[in-house]
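What follows is a pair of complexes built around chain A, which joins chain B in one and chain C in the other.
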Partner chain A sequence: MSILYLAFAYLRFHWIRSLVLVLVAALILAVPMVSHTLLRGSQEALTNRAEATPLLLGRRGSQIDMVMNALYFADERATPITMAATEEIWDSGLAIPVPLHTAFETNGARIVGTTLDYFDYRALEVADGRQIAVLGEAVLGAAVAQRLGLGPGDTVVSAPQNLFDLDGVYPLELKITGILAPTGTPDDEAVFTDIKTAWVIAGIGHGHDDVVSVDASDENVAAAASLLQFNRITPDNIDSFHFHGDPDDYPVSSIVVSPYDDRSATILRGRYLDPENPLQMVVPSEVIGDLVARIFRIKTLLDAVTVIVGAAALAAVALAVFLSYRLRAPEMRTAFKIGAGRGTILRLLGAETALILSASAVLAALCVILVQSRGDRLVAYLLSL
Partner chain B sequence: MIEIRDLDFAYPGGGFRLTVPELVLESGERTAIVGPSGTGKTTLLNLIAGLVTPDRGTIRLDGEDIAGLGDGARRAFRARRIGFVFQDFALLDYLTARDNILYPFRIGAGLNVDASARDRADALARACGIGDKLARHPAQLSQGEQQRVALCRALVTEPQLVLADEATGNLDPSNKTAILDLMFDRAADQGATLLAVTHDHDLLPRFDRVIDFATFRQPEGTA
Partner chain C sequence: MRWIALTIALLTAAPLAAQDRTRIVAVNHPLAYFAKRLAGDAAEVVYPVPEGRDPSFWRPGIADIAAIQQADLIVLNGAGFADWVKKASLPRSRIVDTSRGFAGEFIATDTVTHSHGADGAHSHTGTASYTWMDFSLAERQAEALSISLKRMLPEADVDPVLDALRNDLQALHDRATEIAARLEGQTLIASHPRYQYFARAYGLDIRSVSWDAGAAPDPAQIDELTGLVQDTGATIFLWEAAPPEDARTAVTETGLRDVIFPPLAVPGPSGDFVADMNAALDRLAALSG
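Take a look at the complex of A and B:
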């Protein structure tokens, strides 16, 4: 006990040095475990989500970008396709198409415009409030709701894309009608709305005052001097909202395709094999499989780098400890003269090292536990970056 | 009583050699060793403390031959029966004055910090005038106070022999006298023998006996 008492007294007195050593040693211990935990979690999250999505239809181009955008709502902006592609899938009778519009954000969360089929398909349940019903309503993923401290009855405003975008993408206030139950997937980090609401944000649909002035008579039709466009959809103005253009041309980021059976899936894939076709249909699990394989090839490299950096940091810590021992040589001589054996002195130094390593191990374990306890959310966040 | 007979010691590699044909210090005697640097004063203290072993001869403390003890027994002997006071005080900066005084109990073979050790430490500190400064670290104490703490540390195990190596060398004149008084008083209280190396000739009249190593050390071959 006396040795531990002395060791603790030394570490407490030189607390800055001790703290630095503890933090460095904790980092050396924690980084490989945390990265392993996150990578394993990412792999599982990527794989599970991809395997739950049989087919994905989108603009021909980077398959990874398309899958990351559609499955994880990542920043990669997919060049949009049109609703005509959705209609084609419906008309084929081979699958259920679920269109996704993921171009907009609010408060750092992706606004996902879709249909109610998406909620059934992903088995998303409203934990608080109710499902979206009319234009201008939204339901929040559990993590977004918690992060923003919002609930049913509150509102969020879509982020403007460009302050000088005069022909659309005005901020639209969305009324929150419900909060989804947590799923540990990227859905927790998203704001869901009807795809038509997303088109309103895009400027394709809008509502405004009557263009005919109030004092117009049957004989004398007069246009209003100004045209006030609504940026909030209310029961009073919802009837004024309307869409321009051909519905088949309305934009869709991608379409989740749920074929009725394997045969239907094969037929559908065959229809989009032509490289001249501007659309591509991918199997997300195959795309993610390639990505995971790449990640793990990179992980091997990262492991090597971690070992090298860890060894260098460990050497630095060992050098600091060794120099500390050298600086304390007079103390050791005094201890020896007073009656301490070399074993006692070694035990004293060993106790200090053990205390530092123990504190580092506890700190590293806390980091790992923290990462593991919030692993799903962290992974979802990382995947949405 | 310390009896040194037929002592011969040389550091490995040759050069310096210390030879002491006979030296007897009575219990409770206060002896000063003076002499030029390099004449073996500190070496004699180290031999008596069992930090180094003589090539020949015996060193007996109350009849026990120190040179004949094994390493572990010598350490236990040092911890229990010898108190050291150093010129540079040799206090540990990370311990309070109380913990510095109790340090021998924490590291000494067979010693434990118990209530009686704590009481003894507090009593010694009060007797040395630092009873109200036990919670302070060395950096918060004056040099005189630091040497008082070091003196308490040397005496807390109630040793039979106190070895002081230039114990007043770093102190101002008033503190030198005060520390020497304390050393004498406390050693006398405990009936301990005091052997002090000093270069301060003003203090010599206060010792019972003075050994001048300039004349005492026997050259090689003449012992």
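Take a look at the complex of A and C:
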């Protein structure tokens, strides 16, 4: 007991040196475990999300970019397809298509324009407030709501797509009607709105004051250039909102396709095999399976690097401890002269080392527990980057 | 497989969680009537529009939309009928647009072109929306609805009821064709532009004024009608709803014979679409000599 007391007193007296040693040892222990935890979490998150999404339809091109954008709302911008592709799937009677429009952001979160089918499909529930009902409304993922400190009744404003595109996408104020229950998936990091609202942000639909006839016939009404277009949708102006063009031409980033059965899935996949077809249908679990396999090939290399770096770091720590013992040689001689045996001195040094390693292990364990407890959220955030 | 289970869950679990009995919402009376006949006791059919409100222009509140979102099947007329659906968030997997199959046969109405500053001109083309007034199109709407019902209610014996409904609608079609033949060469004027599909299907010349249903026309509207009668030589006036007595007097004073011929977007006196439409055709037949 007295040995431990003396060791602790020594470490406390040299607290800066002790702290550095504890932190270094904790990092050496924690980094491989944390990286392993995050990688395993990422693998599970990627795989689970992909397996829950049977088919994905989008513009022919990078399959990984398409899947990362549609499933994890990552920054990769999908080249849009049109709503005609959604209607084709409906008309086929083989699957339920769920269109996604992911071109816009607000406060660093992806705005996902979709239909209410998405909420049923991903089993997303509104924990606070209510579901979106009309144009201009949005529900927030749990993590976004917590990060921004927003709740039902608050508003968010869509970010302009291009600062210099003064004639293009205007910010639209979205009224928050609800907050989704946390799911530990990228849905926690997204702002969901009706796809029609996304088209309003895109400028395809708009609302404005009454058009004033100027030099106009009954059938041709020319509005003043100063005509006010609404940048928020309210019960008073919603009736003035309208869309232009053929709805089949409206843009969609990608379409989650849920076939009714295996046969329907096979037929649908066959329809998009032609490389001349500008659309491609992918199986996300296959795309993500390839990606995960690559990640784990790299991880094997990283593991080897981690072992080498860890061994070098441990050797450096051992050297530092050894050198500190050399520096403490006069102190040990004094202890020997006042009656402490060699065994006592060795036990004292051993106790100091044990205390430092114990503190490091506790700190490393805390780090790992912290990462594990917030692993889903961390992984969702990392995947959405 | 897991995603097939998810698909089944998508189709069934969410709405069923909200209520035990299958619930169908239809945006107008003809579709509600078709749904009631086809689904029978297997489902509760709801016509959500309050009494006295025109379903073409009714705007549901947030609570109404929330209730409609929970329905197992939302039956839309399409062709621009109930425009609020374009601004509401509804689950597409539970929507059946009964006129989608004949979108190419819609009747375009007035086109208005306007421009916003330097954005260039663009057009808004209207669409006549009372599609069921062509009873052959009504039959196709019933067929489209039956496909969704058969998928949603496998236990319901939809096919025999569909055959009976088809027969009823075919009988209405035959009757309308016969009456229209007797009205050949005559021009009719309607109190509201609701009869475009009826006119096209049965070869009738039907012009329209735009009077509020059930309201008395003001002197300017009577003047407009008089001018129209002089221009077209019209002989028959169609009321979409029972008018005030003085309105009938004003119309008949222009030389027109009038008849109440409701398109039945809202429930008629008996609530039976086929019976009420037959009664309306009876009244029109009485004028056709």
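Here, the second predicted complex is superposed on the first by the 372 of 385 C-alpha atoms of A that agree within 3 Å, B and C clash if a C-alpha of one lies under 4 Å from a C-alpha of the other, contacts with A are read in each partner's own complex, and residues count from 1 in each chain.
Quick note on the criterion: contacts are C-beta pairs under 8 Å (C-beta built on N, C-alpha and C of every residue); 3 or more make two chains touch, one makes a residue touch a chain.
As the structure is a computational prediction, the values presented were derived from the model and not from experiment.
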- Given the superposition on chain A, are chain B and chain C in a clash or a fit? fit
- With the two complexes superposed on chain A, say which partner A:Thr334 touches: chain B (first), chain C (second), both, or neither. first
- Partner chain(s) touched by A:Pro284 [first = chain B, second = chain C, both, neither]: neither
- Please work out whether A:Pro54 is in contact with chain B alone, chain C alone, both, or neither, and reply first, second, both or neither. second
- Which holds for A:Tyr121: it touches chain B only (first), chain C only (second), both, or neither? second
- Message: I want to verify the contact counts: of chain B and chain C, which reaches more residues of chain A?
- Response: C
- Message: With both complexes overlaid on chain A, does A:Pro186 touch chain B (first), chain C (second), both or neither?
- Response: neither
- Task: After the superposition, just quote the angle formed at chain A by chain B and chain C, using C-alpha centres and rounding to the nearest 10°.
- Result: 160
- Query: Between chain B (first) and chain C (second), which, if any, makes contact with A:Gly141: first, second, both or neither?
  - Reply: neither
- Item | Shortest CA-CA distance between chain B and chain C [superposed frame, angstrom] | 65
- Task: List the residues of chain A that touch chain B in one complex and chain C in the other.
- Result: none
- Task: Within their complex, state which residues of chain B touch chain A.
- Result: 49, 51, 71-72, 75-76, 78-80, 82, 84, 86, 88, 90, 92-95, 99, 103-109, 111-113, 137, 153
- Note on the structure: chain A residues touching chain B in their complex are 2-3, 5-6, 9-10, 12-14, 330-331, 334-341, 344-345, 348
- Note on the structure: chain C partner, complex, touching residues on chain A are 51-54, 90, 95-96, 115-117, 120-121, 123, 130-135, 137, 167, 194, 196, 206, 208, 211, 219-227, 229, 238-239, 241-245, 258-262
- chain A contact footprint on chain C (complex, rising order): 1-4, 6-7, 9-11, 13-14, 59, 62, 65-66, 69, 86-93, 110-118, 121-122, 124
